[in-house]
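Each of the next two complexes has chain A plus one more chain, namely chain B in the first and chain C in the second.
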Partner chain A sequence: MAPGQSTVIRSSLPYQILLYCNGWYSGAFVIAELLVFIYKGETLPYARGNLPAEIILLLLLGCLEGVRLFLGQKGNLTERGMAVGLSLVLSMATLVGFLYLTLWQTYVLRLEVILTGIGLAFIGLELIFGLISIISFARAAPYG
Partner chain B sequence: MANYSTQSDMRVTHIFSLFSLLVCIQLLEVVGQSTPSAILSENSTLSKISSNESNMSTPLLGDAENNLSTTPTTLTSASGSGSVTEKVDNNLTTVKADNESSTTQVTPTLNTSTQRVITPAPKTATTTSSSTTIMSIPTPTPSPLPANTDIGQCTCDMTSAGCDVNCCCDTDCSDLDRQAFSYCTDHNYLTTNERYCFREGMIVTNNSEYKTNLTQDGLLCIMFDNYDERNYYTIPDMIETLEEFDTYKHLYARPSYSFSSTNNQPEIVKQHYQAGDPVYTVSDADVVGMLGLPAPLTTKQCDDGNTAPYLYDKDYECVRLLADVAMDCTQEVALATRVYYRDMKIVPNPAMLKRSAASNPVPAKQTQNVTTTPPSTTTPPSGESASEASSPSNSSDQPSTETTTSNGSSTTAEGASPTALSRTTLYSNESMVAIEMETPVMCMNRLGVKYACNATEEELQAPVYNSTAGTCSYVVLEVTYTITHNGTEGITSARVAFLLGEITSEKSSLLQTFRTVYRWAGEKEEELFLRSGNPGYQVDQPIMAGKLVTKNTSSAIELNQDRNSWMTLLTADSKGLCVSNTLQRTPIKFGVNMRSGCLVEVMFTNMSEACKLIHEGAISALAGDRPDRVATFGTSLVANPGDWVTVLETNTPPEIVGSATTEAKCSGVVLGLHIEIAYANVGSLANPQAKVVGVVYRYDKPQDIAFMCVAPYCQPGRLRARQAFEVKSSVSFVDASQPPYRAAAEIPIIDVHLPGDFFYPFLTAVGGRPRAATWLLTVLLAVSLARGSVCV
Partner chain C sequence: MGIPGIVPARFLTLIAHLVITWIIFWSRGDNILACLPQSYSQDEYNRKDMQLVVGLSVSLGLIAVELVGFFTGISMFMPTVALVSIASHASGSIALAYFIFDVWDCDLYWWVFSFCSCTPALLEISTAFAVIVLKKGL
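Presenting the complex of A and B:
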């Protein structure tokens, strides 16, 4: 990049902020959920095998979140629409995971509703901003 | 969604919507969810299906998950036209399906104008249930139970078409009826509301009634509960084959009465008697039985079926009801002495029966007294025992002989059979122990005085009825078996002692006492001493008490032979009057608090003279033969008075009482005694031994007693009436055990000194002890260090 030449940064700042905060939040979420599962396992009766399955699902969800957020951040910073798109595809999977924890797991505590609600809000906002970034990256591509 | 104008289009929509509904549910099932409370179907044409319709439609799913069929699934959609919804509703109301033979068919509604048959597409059928078979012959299916629902909604409604009292949910009761109810017995067991964070009866872990309290409405309460099954039983299948039943039984059956076909006869397998075993007898007819000891089993009446357990001394008192003394005197066998010892011998060892079992075909259980009855009736009516006995017996016995034996015509069969010989040998075996009758036989007259009977041998065997006097004499009142045994070698001798009495025709019942006393062979009766505890007193054992006797220089305790007269409370006779006889006083038992009272009678006229008598009578009634030493332990030796605690006394009454002040008054009479016994547990906490530590005889304060007249008796002529004053005594036990305590050692003082030359360059310690300047220096050092760290 030659000096004096102005460059247009197409990476979305709010998207980046969202992804960054979501990263911290996801970590906290997984830890909190694990504690909640310990609480539920101690106090509530579970059908055989349900609790381990739900914990495994939570861990998988955590990994998926990590991959999604990494792809989103990388795509946003490198202005690659492909990575952001992949992140959005992955967010569909995490959406199902969060919905499972909100609605369909064996016992849904109020705390979990709040925690997953925040997670869902993150996903929803990132969907919007991710789509915007993809569009802006795509529009910029022929000119870049 | 678009509006549909033509009917064909609508039909397509119906099929499509049905399909989409099924796919939706199937999807959820695949995901593994139990009950989604709300399903958002994206492109559904159904706007709403009410809950009862969805319940009806759930059997369509065939063998779908139970949980799916229960929840009132509400399908909501943002879009959808009202007309379509109505049509679909009409069609779905009549959806029928068989449970097992899942012939899914949808019959048309009757209320719609055109009759339409909606046959589900084969695709739908495969999604719902994999195996769709059409049964040619319809088997009667049980009425289906809805899974995971509380089906007992009004369990107190027990009368159909009638109002049950206090059953508020009974629909047969009118509101006016309900006003007469005092309360409602019906419970609201489970109110399930998925939407509430707090639910009544969230967890049912057992069947007991529960109560839930809302303690917190915080973050950790359940908002969605997708595990409703835990609150309901699973619906069991009907058992149709025997194998299925057995599988269920193996899985769930708990030990109960086993109906295995074992022999009811007690098998004599032991080599020797053990404590608690029945003692076997053999009658002169060679019938094996057991030594009976009539006992009150369920009522106070004598039950002759009770057997005397080996080695346990038993003492039973029971009642015989006599309908007619004249007849029962000679007819009732239980009144005659002979049935208790004659014509029977005790088997010294069960091994002897076993040895002769091969030749003895009747190992029969025999109850008491049946020795007098013909043996044919005592033979058990079991062909089983006969056939069982026939197998070890020699083969020359025909089975027919055995059956005749059990049928009752026994004499000829026994005489003919070769086993008869062995039968006689068992009774006539020398080792069999005959029961000897102790002589002289004691009799008791009506006043309760015992004396040696002067009766003939005949009279001693059976009671005699005197028709003129209407009395029946020589009736058995007490039977005492004394059995001498030698441990494993068995019974060596047996004696029986009787106490005979007389009953009159007025008496319709008779109290009989039956005892067994077991003695080891070689044991000397006079040397036996029954302790009250070893070493600590045991509850319900008499308190050991005696008197100190000093002879020359040595002293010892004089102890009564009869353990029941060691330490006593007063006893009243049948009229409630005081008894001064020591033998009849109530023994004080360890750990049993008691109160007893008796009456001293006086008359108005002789009251002043009687004052002294009353006093003396009261004193003797209260204290009896008062002991002055009480054993601290049940094992205290009489030779060692140090182990005995002195009895203390307070308010000891004076020997001579003051004379009466007025005619109808005695002053200074002691009418009560309260014995207090303090004991303490010693030894291990796990095995406490009670030790008596102190005994106090507390007499009541002397009081004045006055003759009082009650209205009708205050007439001058009536003053001769007797008046009674109660003399009372009581005993109470005080547990003075010292609770164990823990003593901890003192905290050690740690003597820390800095070495003498610790501050050498700055200070010189004198004798290793820093001076005041040392402390100043230390503070300065600390401050400078702290500042340095802050600056960094």
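Presenting the complex of A and C:
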């Protein structure tokens, strides 16, 4: 470490805990949603093409969540505001994905409302803690 | 962190219990009919409904308490607390799934409540007391 540089750890612990738990939650969410789609495909009449489109959207949402959480975790641990910022930008995309599953998809079950609600709560909390950690990274490293 | 996977396991069982309690909250009508006699008055229905709503709300509150204890890290790395929590919340989620699907009598909810919501929450609260007030870093 170069002299004059601070040795204070600026990575945010709450943010890291949230991202870690959100990773597990997202995995469980995608599995649960796939099972829900199997149930809905078996019991409810779908317009042609709607069900595959929604399943593909869910899988893309899962991939996007993976990238977002990876960037957030690595950015937080290496104290790079850029990666955390990118993760926050991606969280806007996953926000729309969750909103689609809550509001605009063909059939919305109560289970899905609750599951996406928890996901949205995670995104909201991570938005707050992500912004706080970006600010602290930018403030404490004037020549970063 | 001695045992790998114990933290996410506890988190996911907690979330599962939260989700299923919430679902019962939204669709409790059949269960209330199951614990009323063939002919009942609106008054009786409302009383049973109120009892179940209170039980479910308290259960949601206890899960919230546990989530707070978990996320603030008070009991995140305590294997004993985690074991009790995982066991009771996993069995609670399964029992409540049967509660919905088999349309159990709504008075049976209190057994699930006492064993699967109260026990881990009491342990969590006593752990928080031990850590914060008595300064026993376990």
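What we mean here is this: the second predicted complex is superposed on the first by the 136 of 144 C-alpha atoms of A that agree within 3 Å, B and C clash if a C-alpha of one lies under 4 Å from a C-alpha of the other, contacts with A are read in each partner's own complex, and residues count from 1 in each chain.
The rule is simple: a residue touches a chain if its C-beta (ideal position, glycine included) is under 8 Å from a C-beta of that chain, and two chains touch if they have at least 3 such contacts.
All of these numbers come straight from a predicted model, not from anything done at the bench.
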Touched partner set for A:L103, first chain B, second chain C, both or neither: first
Chain B versus chain C as contact partner of A:A47, first or second or both or neither: first
Comparison of chain B and chain C by chain A residues contacted: B
Which of chain B and chain C A:I114 touches, first, second, both or neither: both
Chain B versus chain C as contact partner of A:Y25, first or second or both or neither: second
Contacts of A:I38 with chain B and chain C, given as first, second, both or neither: neither
Shared contact residues on chain A - chain B and chain C: 110-111, 114
Footprint of chain A on chain B - complex, ascending: 31, 33-34, 36-38, 197, 203, 205, 218-227, 229-230
Partner chain B, residues of chain A touching it in the complex: 36, 39, 44-47, 50, 100, 102-114
Residue ranges of chain A touching chain C (in the complex, touch as defined): 14, 17-18, 20-21, 24-25, 28, 110-111, 114-115, 118
Of chain C, residues touching chain A in the complex: 7-8, 11-12, 15, 18-19, 22-23, 26-27, 71, 73
